[in-house]
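Going in written order, the chains are labelled A, B, C and D, and every chain counts its residues from 1.
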Amino acid sequence: MSASFYVGALELTTGAVLVCAVMTLWRRQVRTIVTMLRLQGVSLALVAGVLAWHEHDLGLAITAALVLGVKGALVPWLLRRVIRLDPRSRETAPLINVPASLVSAAFLIVVSYVVCSKLTALAPSAASRLVPIGVATVLVGYFMLVTRRRSVSQIVGLLLVDNGIALVTFLLTAGVPLIVELGSTLDVLLVVVVLQVLVVNAGARHGSFDLDEMRELHD
Amino acid sequence: MLSLFALVIPLVMGVIALVVPWRRWIGWGSAVSSAGVLGVGIALCVTTSSHGPVSSLHGALRADALSSFMVVVIGTVALLATLQTPRVMTQELEEGTTTRRHAGNYVVLMQAFITCMLTAVLAANLGVLWVAVEATTIATTFLVSHYRTKKAVEASWKYVILCSVGIALAFFGTVLVYYAALHSGVGKIGAASLNWTSLMAIAPHLNHGVMRLAVTLLVLGYGTKVGLAPTHSWLADAHSQAPAPVSALMSGVLLTVAFYALLRFKAIADAALGPAYPRALFIIVGLLSLLVAAVLLIAQRDYKRMLAYSSVEHMGLLALGAAAGSSLAIAAVLLHMLGHGLTKSTLFISSGEIAHAEGTTEIAKVKALLARRPVLGGIFGCALLALLGLPPFSLFISEFTMARAEVNVGLWWVVAISLVCLSVIFVSMTNHARHLLLGAGSAPAVSLRARSVAVPLVSALVASAFIGVSAWPLLSLLQAAAHVVAP
Amino acid sequence: MTPAGSPLGYAIIASLLQVVLVALGGPLLMGLMAKVRARAEGRVGAPIRQPLRDLRKLMGKEGLRAHHSSVVLAVAPLVVLGSTTLAVAISPLVTTHPLLSASADLFVIVYLLLTGSVAMALAGLDTGTAFGGMGSSRAITIGALAEPALLVAVIALSIQARTSNLPAIVADTITHPVWSSTPTRLLALVALVIVVIAETGRLPVDNPNTHLELTMIHEAMTLEYAGSDLGLVTLGAAMRLGLLFALLMNLFVPWGVATGHTMLALPAAVMFLTLKASLLAVVVSLIEVHSAKLRLFRIPELLAGGFVLAVLAVITQLVAR
Amino acid sequence: MSSSPTSDYSGTAKPHWPIVVVLFLAGLGFFVLGLVAATVLSIERRVVVASLGGSLGCLLIFISASQVLLSGRTTSFHSSLVLPLSGIDLTLDPLAALFVAMTSFVGVATLVYYVGYARGELRTRTALSLMLLFLTALLCVPVASSAVTLMFSWELMALSSMLLIVVEQRRHADARVAAQWYGAMTQLGAASILLGLLLLSLKGGQTFGDIRSHVSLMSPTLRSFAFVLTLIGFASKAGAVPFHVWLPKAHPEAPSPVSALMSSAMVAMGVYGIVRVGSDLLGGGTLWWWIVVVALGVVSALFGALHAVTSVDLKRLLAYSTIDILGLVLIGVGCSGALSATGHPGDARLTLIGALLLVVAHAAFKGCLFLGAGSVERATGSRSLEQLGGLIRRIPITTALFGVGAVSIVAVPAFSGFTSEWLLLQGLLHGFVDQSSPTLIVLLVGVIALALTGGLTAVAFVKAIGVGFLGQARSTGAASAHEVPRMMQLGMGILCVPCVVLGVAPGLVIPLVSRAAQVGSTSVKARSVETGVGLTLSHVRGAIEPMLLLAGFMVFVALISGAKSLLRRPARTVEAWRGGGDRPSARMQYTATSYAEPLQRVFADVLRPEIDVEVTHAVESHYYEQSLSYESRVDDAVERLAYQPVIRTLTRVGLAARRLQNGSVHRYLAFGFIALLIVLVVLA
């Protein structure tokens, strides 16, 4: 693989991750958001794949497959089930409206570029230059958690954070040791399962699962 | 080998509970398994203090004095918490608040929870440590929502979301440490570079800029799990909704296990960056936690939440102790972990009994406990005094020593601020306790149930008092454990 | 000069002389004051020895005890008289070497007088009547406010003499020129005069002749006493007056006080003391003639004035050095 | 354990244990025995056995402390096994021994009293264990010779006494609030002391020996800071205004034996602390420290004396008088420090002897008075003076014993209060003679305060005795009072002994106190004290021979009563003069409130009494009154003006802070997000 193709592929896939993240902020249809998440998972897997190809790293290749399976297929599937069970969560209800969210996202992306200068400086490379995109994904995800009211949006936000960190991992260190990678992916999966069970059970038991109603526990 | 044994015991017990439907003996089995963990912990302590650190499972598990001490803490609190299992579950089954399936699940999840914590403290690899800490969240989610009430679901939702985000940041931090290690310029160590020992060895060569960001993210991330401000918010909700033994275990050890992770990373950061930066970080979160706990305790209306915020306070104290960083301070921090585990679990278990008996957790609705339920009220009161750091209980001596260590490194102003916060907390908590405990009321006959709760709790208090007066069996262990992460 | 070295016989005789002198002189001074006052008001007045006659009459009468009274009522007169007598015996009145003169510390004298006041105040409450309580309350209030002025005024004198022993202070005043620290002495003198007026229950603080219930202080307190008990109480009050007058004069104009151990000096000393005390009595009664009784709640202002003067006396003493 | 010079053993070496140590430890052992017995035995025997164990322990400890006071030899003990991570350090030097001896003496008396007093909750295991624990902690505080040991025993002392206040809480609602106030104040004080002691150990170890040797390395600012911090804590324990607010609440509400221990021994620990830290550890310090102490003392003495005068509750009166006397002690300690700081160690020591003697005397008479108040409460069911009266005929022995205490505190010559106040005044007078600096003002203020409070104290106690014990019974409880059990009388009696001994033969005790006052500069001799039975001072000449004075007084009284009995006129009992009205009834008596009214009016600006007058006019005319109610209440102005606003502010903050946790998961997430952003921006 030529160097320019590698860089191009890397930039394209990495950029796709961030674009998907921003799209989740933009779109209101939850179904679309989940689709974006699936696309992001696929892009992430592609990033890992490109890197694995470039570095000839078997571990990373396995990771790429794992990511593709879990984040590109399994997790979106679980989320679809949540949406199906909870008709109210078809459309998001942002605490901050969409244009403001997008502006904030832009600001967050700027912040992440500023922050990452020190990280890139340690070992400049084609991959590490792209780290700000990962960090921006983390921040956008976090922002989504803070500002989106539906339970699915929150799970998606959490996953965005996770994907962002995974992206950083790939770009900076070409993945963490496999055991850790396995563990963390499994953890993410389990968290989603747990959250899904919570939503499903609560829906079955208490009629609905509305984050707005979940403010009974307070001082 | 021993450390593997520590993991296997609860794992086996969990599998048994998974396979065999709920029986009362399964409840007792979980207690026996905790006792086993405690026994292994003590054995580990003896081994590590005579032979130094021991590794097993091809170096995946590594027990040094610090890990062994943590195993003892986990074992002790787990024993206290699981001893309640048969009684609590039988009672809930009788009252129909739970089913046999859920009772079985409860035991399984408890064992899984304990296993995860043990893995966290015994893991040689900091990545595995992270995985284990994250796994505790998953294991405890359904424990928190055990009662499946709306509030319980709300609590566990908040718990999972907040902790997962937090712990994700910790993962980010861990990744950055790994990155710094890969590019430390001291040869390639590959997969082993997330091993704590190897990281400590190359710590002085780690890149400052990266390490700064890494340690900050770690403090923020693991800090969520520890319950440090500003990411402490899940704590009160989860602790107030979970079954009492679960709250006991969470507050008593889960928080300290997460703090253990911070201690490990702080040692690396100290070596890499010098003590000033990590110290500033720990001071900020520590003081912030104390402040938040103090203001939230003033007008607190729920006694379980009160206990939860007191955990925030104590974690803040631990952070300040760690900020001092001397071996004396770390020894005090460890002693504080043990004392806090004993005291807080006693409090949560007794408050669970109170909540069950009174049907409410509101302070305003519970009165004259000492007169009406002398045994329960007495235990709760004593444990509260212990929690407030009064002698002869061990929290006094650990708080004193932490303060002393902080002053010794010049942080007297920190001690001054924290003393102000502690005083406010003292006044608020005694004020709430006065409403809860004191007052006139007729004493009902002491039920047998109360006595069966009382024995382990009183033993815990006696143990805490004993440690507070003379910790001779622990003294050398504490010092050895402190030397692991402090110069 | 340590007064303790004096021969015992001399001391005993001197003390007895003082006791007898004050026991007789106190009532006579009261009589004298009444006489001066009467004359000043244009009356003839009772003879000077009338108080002595009254005492003799009272002593011969039957005592009365109120229901609900306790041993306190019976013992109080003894305590009052005993403590006053003790103070008289050891104070430097005719000589600087009376019995126990080493212990005649100014604090001892002040607190012996306080003991008498306390005993009387308790006796006033013992019968459980409204008047007793009222008198007791007022008397002890005035006593409490007068005590600090007294103490501080005497301290002003004792600083200069480098001793708190009264005989030694008096002796020191004799040996030193009178004008050595005039401002201090003057201030202390005025303070002490105020205190003495208050302590002895003279106008404008208390009217010894009144029996108007709402204004009386000392008389209200002793209302339940009759016969010999009343005699003892009255004698105690008279001796207290005598002691305070004599002490006041000796502290400021100590001329004539015997400083040696010769008996021969004593008669002259008695003469001098009688003269000085009488002079003071005349002056005080003249003040009484020209002043009306203060309202009870104005008295603290008077005593506060005395206290401030005493403090000023100490300050001038300290500054003057 | 080792004799002086101090040396450390870490538990393994075989130390030489002098008799003092053996006695002290045996004493503590008896406490443990008593504790065990109390938990094991039946309710009938428990109280007696626990009290016996405790008393024996106190006795042994008293002997060991006396041994130290007599010999002047210091003994110390160290073990790193007790109190983890720091180790325990105990040192019995003369200063500590004085407080230990005093405490153990009072301890015996209170334990004896306790046997007769204990009823209901006081007979429970909890109460007995707490009582013994409290005594143990009290005995350990002066012996502690490291920061950790001191704080441990200090907090233990606070904890056990706080719990003792609430032992009877079911029946006394006020006790709960009192305990809360006490707990809060003692905690604030302890925090202050802790910080102060830690600052002192900044340069080295935390044992007192280390602090002494390192103190010269500390900057003056740091030293002052540490002193002020410890002073706040210790002064609060000593009831100094404005840190006194707990005292008038806690002392009255505690069971009487506990009040007695608190007022006589625990409060004294505050004084001990100031002397130990200021004069011993910090080696004297600078003048302004001691001016602060004197200022605290002056304010406390006057404030306490005034409130004692106006108090209606007997125990509250005693509590305020504790503030008063401890204020005098602080004046003494402060003047002593000031004299020492300006280069007059001899005078300083004389004044300190006076102050310490007053502490000891106060322990005896205030202990006796509090026990007496307990007896009165037991006998009549009330402790409000407005409900008492006529007790001298119903409970004569208790009245007499209470009287001894009262006479002592009023400073009647030949009783303990007089001797100590005399010595204190003499110390100040010495200062006057020798000084020529700003210290004079300090001394002058001290003398003025002493003079002012003397009279006020007399009023307060004349009121207590006159209204409480004399006259007619004001309630049925007082009218049907019965004499309390013998053990209670014995307990009071034990405390009357030092009241008289200190007064009549001060020469026996002064040398011991003098040794205890040897803090800091061991070589300095107190100015000119010569002791026989009485005291003689040679520098500023002054002497008292209380025994001779007493003898003289007796002779005169005997002569007078002899002469009177010669008249052979026995008194006749008649109705009291009724002023033309009805039979004199108990309601016609002066009440405690009216008795203090003149003084309350004089000092209205300080006391700020709240007076409510309600007049109901007759229907027919406005000029006729149908009924009139008058209520006068003197609250603690310091509490109202200084503490309540703080409490209100904190409560407001607490209520506002609830908004932090409003239940919204988004808000919680936002906290973390904002923190993350801040961190990123700061690090970038």
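Here is the rule we use: a contact is a pair of C-beta atoms (placed from the backbone, for glycine too) under 8 Å apart; a residue touches a chain by one contact, two chains touch by 3 or more.
Quick caveat, the model's predicted, so the values are computed rather than measured.
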item: Number of hops, subunit A to subunit C, where each hop joins two touching chains; value: 2
item: Least hop count linking subunit C to subunit D through chains in contact; value: 1
item: Distance-maximising chain from subunit A - centres being C-alpha averages; value: C
item: Result of counting contacting C-beta pairs for A-B and A-D, higher pair; value: A-B
item: Chain centre separation in whole Å, for subunit D relative to subunit A (CA means); value: 68
item: Centre distance in Å when subunit A and subunit B are each reduced to the mean of their C-alpha atoms; value: 31
item: Between subunit C and subunit B, distance of the C-alpha-averaged centres to the nearest whole Å; value: 77
item: Separation of mean Cα positions, subunit D and subunit B [Å, integer]; value: 42
item: Sites on subunit D at which at least two other chains make contact; value: 657-658, 660-661, 665, 669, 672, 676, 680, 683
item: Touching two or more other chains - residues of subunit B; value: 157-158, 161, 165, 212-213, 236, 296, 299-300
item: Shared-contact residues (touching 2 or more other chains) in subunit C; value: none
item: Inter-chain touch pairs (all); value: A-B, A-D, B-D, C-D
item: Residues of subunit C touching subunit D in the complex; value: 2, 4, 59-72, 74, 78-79, 81-83, 85-86, 89-90, 99-100, 102-103, 105, 107-108, 111-112, 114-115, 117-118, 121-122, 124-134, 136-138, 140-141, 143-149, 151-152, 155, 158-159, 162-165, 168, 213, 223-224, 227-229, 232, 296-297, 300, 311, 314-315, 318, 321
item: Footprint of subunit B on subunit D - complex, ascending; value: 80-86, 126, 147-148, 151-153, 155-156, 158-159, 166, 169-171, 173, 176-177, 179-180, 183-184, 187-188, 191-192, 194-195, 198-199, 201-202, 206, 650-651, 653-655, 657-658, 660-661, 665, 667-669, 671-672, 674-676, 679-680, 683
item: Touch list for subunit D against partner subunit A, complex; value: 657-658, 660-666, 669-670, 672-673, 676-677, 680-681, 683-684
item: Touching residues on subunit A, where the partner in the complex is subunit D; value: 95, 111-112, 114-115, 117-118, 139, 142-143, 145-147, 149, 154, 211, 214-219
item: Residue ranges of subunit B in contact with subunit A within the complex; value: 125, 127-128, 130-131, 134-135, 137-138, 141-142, 145, 148, 150-151, 153-158, 160-161, 164-165, 168, 171-172, 174-176, 178-180, 182-183, 191, 194, 207, 209-210, 212-213, 236-237, 240-241, 296, 299-302, 305
